[in-house]
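When the chains are written out, they are named A, B, C and D in that same order, and each has its own residue count from 1.
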Amino acid sequence: MYLTELKKIQTFIFDVDGVFTDGSVFVNDNGDLLRTMNIRDGYATKKAVRSGLQIIVITGGNSRGVVTRLNRLGVEKVFTGVQDKIAVLDELIDSGVVDLSTTAYMGDDMPDLKIMSKVAFKCCPSDAIPEIIEIADYVSSNHGGRGCVRDVLEKWLKLNEKWGA
Amino acid sequence: MYLTELKKIQTFIFDVDGVFTDGSVFVNDNGDLLRTMNIRDGYATKKAVRSGLQIIVITGGNSRGVVTRLNRLGVEKVFTGVQDKIAVLDELIDSGVVDLSTTAYMGDDMPDLKIMSKVAFKCCPSDAIPEIIEIADYVSSNHGGRGCVRDVLEKWLKLNEKWGA
Amino acid sequence: MYLTELKKIQTFIFDVDGVFTDGSVFVNDNGDLLRTMNIRDGYATKKAVRSGLQIIVITGGNSRGVVTRLNRLGVEKVFTGVQDKIAVLDELIDSGVVDLSTTAYMGDDMPDLKIMSKVAFKCCPSDAIPEIIEIADYVSSNHGGRGCVRDVLEKWLKLNEKWGA
Amino acid sequence: MYLTELKKIQTFIFDVDGVFTDGSVFVNDNGDLLRTMNIRDGYATKKAVRSGLQIIVITGGNSRGVVTRLNRLGVEKVFTGVQDKIAVLDELIDSGVVDLSTTAYMGDDMPDLKIMSKVAFKCCPSDAIPEIIEIADYVSSNHGGRGCVRDVLEKWLKLNEKWGA
């Protein structure tokens, strides 16, 4: 039963594009990519961090604004411009920050496939690619950028009786 | 009958994110959150204010642009960065600005739950969270940012025979 | 038959919000409202102007960018910040710019209702308000900002055998 | 069988608006048109270029940001502000850059019609105009800006056994 697994999670790792966003990026005149995020995801993220969940973000993208936004929500460990997500994960394990047996991952596309296969709880938005959906323990009914982060964090908070707090 | 209640409303309090917007926020390079609003909501807001309805906005977010926009529509009381909406409501009651028996509230998410339970008329967009929908006297058929504000204000204006004016 | 009427049109007046756009406005830090337009609408607008159709835009909104964009497409008469669309129309009639018997109008909301009732050919996007849809000679199957302008201009161009040209 | 044809393609030419984007353009205060692109399209573009596919972009629009973005993905030949796409194609053929018998094109609107009719493999997003859909060898099930580029490039990569690499 996936809820039993989710309840035990102590670290939640998230991808950004297609998870915290809908996969669209706004291209400004310099070619920088700006993102649109979701307020309800933000509410749950803040609440989960305050409730003791360790949230880590690992993304291939570079967006100063997204980092600032996540920091303000209480997410301190934000890795951007990452080419090899497994390498980042390995460092986090080696330094004792992450214990795979209590770690969850939410991703949506190919660069998430290998790292996702390592963690205890694998989840994704409803519009993830087929390869990701196939290995997921839980597929949210929400799309990326439309509440998939909120969905899993709200579930974790409720399972740990910290939603109403 | 909810229309009888709505007709008597003299003060309408609105949340911003998920009500005047669809809950998406555009993150700029500084991590500031910029919003997309709806022209038809704006039309009804302006008309309702001119017709004597007191409109108040209370939001957890901070957006200078949203405040300016609302001010231009005639909404003078805009409270931003609010952590505790009940505290703001209590001050408004104490200072005689708000009379709960003729006050309505439209919200969509957890931070709206308590304040909404206090007012005479509770309403929400169709994509509000289940907890909000459960206590609502009226659920608009429109989503947040897609005309839910217009819907309730147009109804109020028509009930008070001020829509065609 | 509405196509017979459309073919004879020599002047096409358009609203902006909800017609050239989907009714959403992006609010920047100053409270200015920025718009999203549609490339296919732009293609047809440019082609129609070059084919001899007089296109006029009358909007309640103020957007320097929209004016510049429309000018570049060949639309020279763009009236912004208009409170009373009928007054602008009357001036255009008095100065001989517009002949109502060969004029069409596309609008979507209350401020379009009176001016629309004056012209020879009335049309609207599929998501116009019920009051507008009720008086329309033709309701496009496209939403505002999603090709409703393209739809009517392409039809006009085809009827006048100028689409393939 | 269209997959046999697609496998042999060595050059893929793309339109921008309605293909890499959903056809919407954000109009800033200067009337400049800014675009929203898709991260998954970007992933496949980068991978295809690295796998030896020549990708060329020809667009009627002007967007410095889009050019920078495409360059960063490895697309070096980006032609913007193009009035006559056939003229650009002819130059590419004359200079030996493009061999029509192994060239594909993805477009969505009238300015793509003639150039598309020349190439060996014609494809389009699901929301292309009827004239384009009629001549397409393959219609992606994805809309413009919502993964149609990803779809055809992923198929090409898989056919050439370079997707997992």
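Observations on the structure shown:
Everything that follows uses one rule, which is that a residue touches a chain if its C-beta (ideal position, glycine included) is under 8 Å from a C-beta of that chain, and two chains touch if they have at least 3 such contacts.
Just so it is clear, the structure is predicted and the values come from calculations on it, not from any experiment.
The fewest steps needed to get from chain B to chain D, moving only between touching chains, is 2. The fewest steps needed to get from chain A to chain C, moving only between touching chains, is 2.
Rotation angle, chain C onto chain D, C-alpha superposition: 90 degrees, expressed as a multiple of 5. With centres defined by CA atoms alone, the chain at the far end from chain D is B. Counting every residue number used by either copy at the chain B-chain C contact, under half are found in both chains.
Put simply, the C-alpha centre of chain A and that of chain B have 31 angstrom between them. Of all residues in chain B, those that touch two or more other chains are 26, 32.
Chain contacts here close into one cycle, and each chain has exactly two touching partners.
The residues of chain C lying in touch with chain B in their complex are 17-18, 23-33, 61, 109-111, 129.
Chain B meets chain C in the complex at residues 26, 32, 34-40, 42-43, 63-69, 71-72, 145.
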